[in-house]
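Each chain carries a letter (A, B, C and D) given by its place in the written order, and its residues are counted from 1.
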């Protein structure tokens, strides 16, 4: 494979993620009356927006850290990135689907499925980039940790799919848990830190 | 914390702000008849769009000046930036909420709350960047001034929230006053000027 | 004034213009039946989209050439650029307003007014940048020519406003004429050519 | 013609393509009930979204490879690029038109026409850039191959237009076939490889 600049892949990804994030806020439909009740009615949609914003922002920050460590981009990596963006582009739909149907099992399950697929697609991209960095022991160690974190997240999201029919609150608990895990060890940030210690 | 390039944080912010600005113009719903009355009916929505465009543009210009002075970006700063963009992304909703309900107290109050939160989130980011620049006396002095300006703006927006139930015009006066203050001393522009005098 | 990088001003403008262009295509509402009649009904909306795409693209290309010649950006230029983007952001509204009301005088007049204001705002930005380049005789000559072209375009658009009540076709003729003039002498492209002859 | 930086042409194209891709996902209208039937009803719209995402992503990757090899951009190339983006911007409309009318002949034919026009517009841009690279025998050979691939794709899309009235499935077969061809020899990627062998 031939080296390509990574800047356009970053720019295209930034554009798509920026639009995904702001499309979701459009689901906050403006109430036609100015009563507090009409506004409170939007609370679940607002909370699902805030959660999806957080999840998409985490994936964007991980994407940032991942490409920060990459030195060359192959055509294969371009396509794994497009594949990732495709599944990510479904998050506004699944977020709105929950918001419209107030925690019914099917929308809640689909939300987990979309995040599981986006997470797996991200890990496929990470794995491809890891192959180019296999010679660097520090990077290899970080990719092993990152691989574990991504696997745990994807398995949790996958578990949330059938659990939605047991209790939607179990699935929702998982959707809140995964970002919470992320903010604890900050795995991928340390990954980049290993590459470029301050 | 490890240094990261600031260009993607800038590009992502530019994308989100560009979409926020243009989402707001979509609230100018095209009248189905070509009468001057139908057009005049849009005047308050147009004015609230113009005001929100101005406020978002001010925050973008301040963001530009702030990052212009930053030399390295930490993971913490990335997240403070995402946090800022989250609150900023609610401005189109609150703008449309006013436009739809013609200066009812609740929408007018919520507009001030969103701007107060976006302003505070911006100042958290500024404060974090200021810590890296504490060694530079000129920058430290500029951050002190900038901190004061941001505090005044946030307090004014906060005051506008309860005042909306006294008189919406008091709140609207504050919403016009804050950008007007900005254009008088041009604080943050001078801040950058201190860093790189022409 | 202090120098600022021009790259973020370019990136923000590119984002806003890209969204303006693609917002307009959303006015092409998909017909609910697959008959040729329903499709033909969209023809005037398609033509107004094509014309507005062309006009916005011309302004974007001029913006590109203009900033290409600029070496430093002041805070004043940042704001003149935001001012330009504000008027440009109204073009999707005026385009949809024509499309919705099939060449009624008021929408046709408003379309010209928005383009006149966007054109004047662009020329204010150009004039400010010209002041920095006054020392370069080649650039000064090119700015004189560019100033004349912009003035002619703005005056034509301004004339189209009252003419819409005489005959909308006179205004439409002007809206087709102005881009046609642009493609004849390619003024601003030559302007850049004068700066960097091939 | 004078050289211009290619970065803004890339950034503007990235912005437009990112919005085109994410506009299409908005056609996946959220069902108002949480039944599996309502979700399954979206399957054809989802499949048409996935196909259009793939086609637009291919064109974006080709655009990336093409500009990667370009060293200078002329005003003519800027306009050929705008021309390409114009036809590409119609893809969300034709995709939604199919989704709304479930494989009726006219929407299926129009989909092929839009892709044919976007493909031809892309080849016009490629041809213009090829003229600048005629002196490089490796690039010239690659452009000959790329020209053939683009011609085959455009002819297949053109054939799909009348075939939609014979059988929409023939046209749909072509719409699936063209991306499949692309992923076999990966023509344009090799083109860039010829320029910069790994």
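Just so we're on the same page, a residue touches a chain if its C-beta (ideal position, glycine included) is under 8 Å from a C-beta of that chain, and two chains touch if they have at least 3 such contacts.
Just so it is clear, the structure is predicted and the values come from calculations on it, not from any experiment.
Residue numbering shows that chain B and chain C use the same positions for less than half of their mutual interface.
After Cα superposition, the angle needed to carry chain B onto chain D is 180 degrees, rounded to a multiple of 5. Between chain B and chain D, the centres computed from C-alpha atoms are 38 Å apart.
Look at where the CA atoms of chain A average out and do the same for chain B: the two points lie 27 Å apart. Of all residues in chain B, those touching 2 or more other chains are 11, 15, 18-19, listed in ascending order.
Residues 10-11, 14-15, 17-19, 21-22, 25-26, 28, 30-36, 39, 50, 53, 57, 60-61, 64-65, 68, 186, 189, 192-193, 195-198 of chain C are the ones that touch chain D when the two sit in their complex. On the chain D side of its complex with chain C, the touching residues are 1-5, 8-9, 11-12, 15-16, 18-20, 23, 75, 78-79, 82, 85-86, 89-90, 92-93, 96-97, 99-101, 104-107, 110.
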